[in-house]
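After this come two complexes, each holding subunit A, first together with subunit B and then together with subunit C.
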Partner chain A sequence: MTSAPFPDRPRVDAREKVLGQAQYAADVAVPGLLYAMLVPATIAKGSVRSVPVDAAMRVAGVVRVLTASDFPPPPAGGAGGPPPPPTITDQIAYRGQPVALVVAETLEAAIEGAEAIRPTYAAMAFVATIEGDGVEPQPVEPSTGGDADAAMARAVTRHEAEYVSPAQHHNPIEMLSTTAVWEGGVLTVYEGTQGSNMAKGALMRTLRLSADQVVVKSPQIGGGFGQKGGAQRQTAIVARAAMLLGRPVKLVVPRGQIFHNATFRPKNRHRIEIGADAEGRMIAVRYDADQQQSRQGQFPPAYHESPPMMYGIADYHGTAANLRIDTQAPGYMRAPTPHPSSFAFDSAVDEMAVKLGIDPLAFRLKHRATRDPIDDKPFSTHFLHECLTEGARRFGWDKRPLAAGATVRPDGTQVGWGVGCGAYPANVHPTIATLRIGADGTTRFAAAGHEMGQGIRSTIEQVLVRELAIDPAGLEIAIGDTSVAPQHVTAGSWGTASAVIAAERAAASAKAAMADLLAGRTPPAGNLHRQLATVRRPSIQVEVTTTGPGQGAKEVERLRQGGMAVSGPVYPQFTSFSYIAHFVEVHVEPRTRRIRVPRVVSVADCGRVISPRTAASQVRGGVVWAISACLREATEVDPRYGGWLNNDLADYVVAVNADIGEIDVAFVDQPDNMFNALGAKGLGEVAMTGCAAAVANAVYHATGKRLREMPFRIENLL
Partner chain B sequence: MRSFGYTRPDSAQAAVAAFAAAGEGARYIAGGTTLYDLMKLDIERPAHLIDVTAIRGLDAIETGGDRLRFGALAPMSEVATNRTVLRDYPVLAESLAKAASQQLRNMATVGGNLFQRTRCLYFRNGAGGTSAGTTYPCNKREPGSGCAAIGGLDRGQAVLGQSASCTAVSPGDWPIALVALDAYVEILGAAGTRSLPVAELYRLPGNTPHLEFTLAPDEIVTAIVVPKTRAGRRSAYHKIRDRESYAFALASAAVALDMDNDTVRQARIALGGVATRPWRATAAEAALAGQRLTPDTAAAAGRAALTGAVPGRHNGFKIDLAQRTVADALLIAAKRTTA
Partner chain C sequence: MNEEEGGAPAGVTRRTAIGGTVAVGSALLLLDAERVEATVQSSPPPRAGATLAIRPIVNGRAAPVTIDPRTSLLDLLRERLGLTGAKKGCDHGQCGACTVHVDGRRVASCLTLAAKTDGREVTTIEGLAEGDALHPMQQAFIDHDALQCGYCTPGQIMAAVACVREGNATDRPTIREYMSGNICRCGAYAGIVAAIEDVAKKGRRV
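Let's look at the complex of A and B:
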């Protein structure tokens, strides 16, 4: 084992993707396939009175219409799937909830059949926005370190403001889909999911199946971003159809229905008060957050995950609350709470720097965190200052004028430079991996993990190729499949750290097995495959179980059962986070006030970088996401109707290539060996954090106007 | 989406005959970039499609003589990159290049683009298509059902030409430029041929927002004709939107200037993104005639262009934005050389 830097290697699946050959779940060819379409509810709350199916059944090719009576009653309790239970029920909790599934011989017939169904409803009054009447805050446990009230009383400079982040939808290009095959008493489901284990568990509970009756395969995901992390709304519905009909059924959920049925980033609000002492040092934070929530939703308002880990402010008091309304369940969307909380908090920090008349970079560098104030633990590693100083050097920050509005080009364009920082927990789950190396040149590594484009296969290959003399061309990395190894949800930036430590352990174990085989003889010439052939062994196979700090048999058993087995960021001896600093240049047009972002520099501390190429790509993606979240994206609700009004990719405006300028990415690349042997923390989520604040801070620096509600649109600067 | 009949005639006359033969529910289709979209949303429910793309000779681009003549089937991408259009009529080229995406421009025709329907969110959602999952009343979709945009989320709605029945914006870019240049269309129908100014193709919503075009159902546009003008070289299409590409206009302006040194002899100005039909801003044109073009007179023309604008709940900024867009468009166009 070594924690030396890793070399650049191409992404393992780049060629297939460029050639359009990569197989996604909905591409899997199944003979005898039927096609399905959901019928969405057209009320926002109430119950279904009737679902007349005659007109649909008259459409040529329609085979069957499934309604609520075709499903077992929902399982008790909310464990696992998003409420309401992911089948079809007659109780309507939100507009667009599925009320029927039409199954047909062709996709066209399924669509025509679905459109022919006009259910009748008993509608009820509903609340569709958090600004609506009768929304009661439901607080959760506060996050407290020290005595914020006492420290605030000592503060000589205070800043207080409210920041708002809108509801947003992930919109991965790969649609949600399920293909279900019921054969010989075994249900096989192909689905783009970040949690094949979660899908399996939901299928077992809702359809009353045993563990050996369900296999879920997620070959490759065309963008997950958290939307594909939990049990999906359509999975058990489609599986039930396949079981009732005895034929395979496929559903690709249309984009508009994804807006209505998938999880989303809830609207959230942040009231922040920061106090600074006479030396201009932040000493107290009082921070109240709340968020849009569904009636039974479980997505936690964890807005205090990251802000206390940034600047060493010992006295911190954070509250958070759910605001329950009639919507589908919100959920995890890239950098779920740290994106909006870092927008809010690092905007507030910037405002404090302005108030104190200090350069915002110098102000941040006055604050070095050494302990987690909430849990009172040391940090394993904390290289935020290194991110800031390297980023400033690359950006040329020393040429920045202090005053806002000071840089105006001859045509009247205002230029602003901003900095913003973020943090994200370093989490890990146990992994059970098998590694088989063949004399025929093949290698197969099977473990928990899901490839969603982040490059988890590339990181595993990187470690195996460095540690073992194997042929990468013959390497199969079997992940995302409940039949190859116990699976765990891949999210929260824990995928790579969990997978690569298993790969490293498996490689060490394989080396030991080879040494045993040689029993002291000098290894024959050639790579491991050649050596096996020389000693006339067809293959060697090893199995390893790896765990994170403080984890043991209990977590391993949870993994085997398909549950959540994640630890972090607080471990027995330390707290562990990844960090990033972003430097952003914005240009604001003189009259029509468009905001452009020609240049971003981002420097991340994710521990040891395992795959430089996919890591840089993750950071660029995070920056693009942040620019888009800050300047473009919002899902709109008309409170009179509920549902989502701009529910397609034309009207839900995401950033396009023309919106993105130069993005320069660098890494601290210092291993965190308290966290694991390779020193890898997480990256995909932290990449996005703090960048929206950097944009906001740059817009302030350009114009002198502070924008506190995303997205920033033309009318905000007119 | 439902089953429909399909015919692909090879001449314009045969297309008109096929339309008559198909009876109720017949629709012409060319590139299909609007019609398929609206069929998937269950807004358009044609019983029979007459595909005009096999008609020969209808895609010609002619730039000789005293006019530009674009066959209705010429792809948007071809007209946008035509050398004469690029050099002498940047307002036309830009209005096409700033619309849709390259892929859509390759499919969509300059004739079909004239009949693109509104992007009003309440119009597009709720016809019962499985892709949306929402239902909203809409007088345009279902006459007499009401207008959900009035009193709703109207950030994108019109501030000019709206009625108590409808505030939906006319979505085009290309028609705005054509209206500014006094273009007309050649039309073929069962009753024969006729021509009509592009500006007269479009109705105001009034009490009948479901009636959008003055074309008879059986008529097809066979060509678009733009009289040549020396103002073409000093022209621009300036489009302000929520992102840098692939979005409809919040406000746009098509302008063409005939100038004597820095004095405006004649200005042509039309607005997009803010009105219920392509909006010729005659008051702004009059305000500029005989004036020197300066940032101040450009701004005054912008204000004149929005004369009579009425804001809704969330779209008041569009009045200000459109005024600034007109002013910027004039200044951009004026800098262009006539040499």
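Let's look at the complex of A and C:
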């Protein structure tokens, strides 16, 4: 096994993407296609009394309107994980929930038909915000290491504050869509999903189909960020229409409806108390977090995943709670809990450094973590100090004045430098992969995984091309398709670590198969394809099954069944996290008080970097996400009617090109060989963590004003 | 935005478009039927609401088609002509994923009625490369990894080519400003700016 650094290679699918040839779900050409449009509920809670369809059916081209009575009753709960999302029901749990699906010969007719439907409702009282009456608080298990109360009593310096992160929506540019084809008793669904297995399982359970009757294909995903990780609300609805009509049906969900039916990052709040001893070392943390939650939602308030893993504070007590109200279910959005918790925690750490009068970089470097205090295990690798040291060098941190508000340009612009750190669990799932190498110059690798721009195909290509003498031009990487290999949800930064160890194992197995074939003879000249041709074998094929540390037959079986089979970050022998440090320069304009971010330096410890080029892009993307999250994004609840007010891309403001400056990215690039043979941890999520805190800390350094609620807007600095 | 592109081309007024009157006949359109067949999928049988015959020139080939007058240029390209490079990201002109060129100017095709393109030159991402040779902007996007998921990329590239042609690729701040109508949610902005700067600096005709 080798874990040498990998070379810089272009993104494997860049050419098809710049040509506009990459196929996303809604691009797939299907003959005889019908078009669908959903009708959203206009009440926040209650029930549907009637859905008059006559006006819609009179629209030329409308073929059928599906309402609740067209769907089988919801499947019984129990084995197989959380219940699949409902289809169309008469019970309304949130504003925007679908109450009908109009199917027509053309998109224009489907839209006109949907707009012609005016359901009647029996509305009920509802709770729209976590600040309102009628909220159901529900605490979860606390996260505890050592004795935080006793340690806090010993502390000589304490900092206590509350930090808030708003509700936000993922908004990948590819909208949710489903194209369903029912043919010969088999349902084929094309959908941008990070979990083709989850979509398949939901379709099987909802529509009472067997495993061999459902195929889900997610060829390329136009951005996921967690929104496309679970089963989507529209999938079974569209599939049912295709089955009833005997014709393929496509639905592209309008963005306003996506805001209401997709998951979202719930609003969350963090009350943090940190205590430091006489040497200025942090020794105790008490941290209470809570989050907006739907009545039935399952997204866990795991805000204590990362903070205890940062600075070696042994005495830690964290609580968390759901605040249940009437909304659609929240869910996983990039760096789901570590982004807001790292904003809160690394802001609090910075405030402690200010209180102690210590440079915030030097303060962080006084704290080196070696053990996970919650689970009492050593870290496999933990290179946060290396990230900090290299980042500071690249940024020129040694020129930073300690005092806030010390740097003002002649035009009045205030300049501030801030640092912020984050961590994200290193997770892994089993993989069953097949590798076929042909004498005709082709190679096909089929495994679990979904490509959403993170570059999973590029990482697989790197390993196969390094390990095997194959022609990269003839390499097909078949992933995101339930018909090619057992699929697993691709999220939580576990995709690459899970895929590349399977690629390496498959490559080793193929080499062994080739050696068997040659039976001691000297290999003929040329690459593996030429060698196979020379020995007159059309192809060799191998299958491998790989697992993460501590995993075995149970996890492999869960993978085969299409369920969740993830382990980590706590393994039998160790705990494993990825780390990052961000250094940020902000400019605060004198009159408008607008915050600009002209310069960021980010250094990550993701273990061995498998695909340097796509990895650097991943980190830049994480930085853009953090800047957008802390300076722009918030979804506003309508307290009068429920639902989301700013439900389009003009009113839900995300970072555009002019909001982003220079982003310098580097990696520690030290393999974590306890975690796996190639030493790769995860990257896409950790990239975002800690960066919002770095911006907040830089804003403080520029202005002397501490902003504890995202997003930071000009009115906060007036 | 792009309202000036909305001026009716010769032969089609708002009234004729909405009324469904067939308005064809520009001397510009000398149709090479075989080549059209080869490059643009032939239209399916008449469909509900398809009352308006138009003949845009798509990627250099005339593409006669009878449409529902409400059809957007984006839906025409994607759902009727099989050109799925331009993407739907919002359908409101807010994201830029559907950017194409009409008579050489960048437009949001989701906000452009297909009826307005009768007789006009429409260029999509599929029409940018010449055979196997990538357009310099396409190559620069690969070289600078100016993309991740690739969904906004066709729109970014069409906007980037226009940005250079307009003379707005003069320096990084200007490029950023003139590329801010195209959202990249993956956050490939740094690469996009570097790619455009690269092409502009080489001074090649794009």
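To be clear about the criterion, the second predicted complex is superposed on the first by the 710 of 718 C-alpha atoms of A that agree within 3 Å, B and C clash if a C-alpha of one lies under 4 Å from a C-alpha of the other, contacts with A are read in each partner's own complex, and residues count from 1 in each chain.
By our rule, a contact is a pair of C-beta atoms (placed from the backbone, for glycine too) under 8 Å apart; a residue touches a chain by one contact, two chains touch by 3 or more.
Treat the numbers as computed from the prediction; the structure is a model and nothing was measured.
*Asks:* When the two structures are laid over each other on chain A, which of subunit B and subunit C touches more residues of subunit A?
*Replies:* Looking at subunit A, the partner in contact with more of its residues is C.
*Asks:* Is A:E108 contacted by the first partner subunit B, the second partner subunit C, both or neither?
*Replies:* In the superposed model, A:E108 contacts both subunit B and subunit C.
*Asks:* Please work out whether A:L38 is in contact with subunit B alone, subunit C alone, both, or neither, and reply first, second, both or neither.
*Replies:* first
*Asks:* Just checking: does A:G61 make contact with subunit B only, subunit C only, both, or neither of them? Give me first, second, both or neither.
*Replies:* Once the two structures are laid over each other on A, A:G61 reaches subunit C alone.
*Asks:* Quick check on the superposed pair: does A:V653 touch subunit B, subunit C, both, or neither? Answer first, second, both or neither.
*Replies:* A:V653: touches subunit B, not subunit C.
*Asks:* With the two structures laid over each other on chain A, which partner does A:T592 touch: subunit B (first), subunit C (second), both, or neither?
*Replies:* first
*Asks:* Go through the superposed model and pick first if A:A616 touches only subunit B, second if only subunit C, both, or neither.
*Replies:* second
*Asks:* If you stack the two complexes on chain A, which partner ends up touching A:E636: first (subunit B), second (subunit C), both, or neither?
*Replies:* It touches subunit B, and subunit C stays clear.
*Asks:* Between subunit B and subunit C, whom does A:P254 touch in the aligned arrangement: first, second, both, or neither?
*Replies:* both
*Asks:* Tell me the contact category for A:Y24 with respect to subunit B and subunit C: first, second, both or neither.
*Replies:* In the superposition, A:Y24 touches subunit C alone.
*Asks:* For subunit A, what residues appear in both contact lists, the one with subunit B and the one with subunit C?
*Replies:* Touching subunit B and subunit C on subunit A: residues 108, 254-255, 648, 650, 654-659.
*Asks:* Which residues, counting only subunit A, touch subunit B once they are in their complex?
*Replies:* 37-42, 95-96, 108, 111-112, 114-115, 118, 254-257, 259-261, 591-592, 594, 596, 632, 636, 638, 640-641, 643-648, 650-651, 653-659, 713-715, 718
*Asks:* Going by the contact rule at the top, pick out the subunit B residues touching subunit A in the complex.
*Replies:* Listed in rising order, the residues of subunit B that touch subunit A are 1-3, 42, 119, 121-122, 124-126, 128-136, 148, 151-153, 240, 242-247, 250, 317, 320-321, 324-325, 327-328.
*Asks:* Given the complex with subunit C, which residues does subunit A contribute to the contact?
*Replies:* 10-11, 13-24, 26-27, 29, 35, 60-61, 104-109, 171-175, 220-225, 252, 254-255, 452-455, 613-614, 616-618, 620-625, 628, 648-650, 654-660, 662-663
*Asks:* What residues on subunit C touch subunit A, complex-wise?
*Replies:* Counting only subunit C, the residues touching subunit A are 47-50, 68, 70-71, 75, 78-79, 82, 84-92, 94-95, 97, 124-126, 129, 134, 138-139, 141-143, 145, 147-154, 157, 173, 175-177, 179-193.
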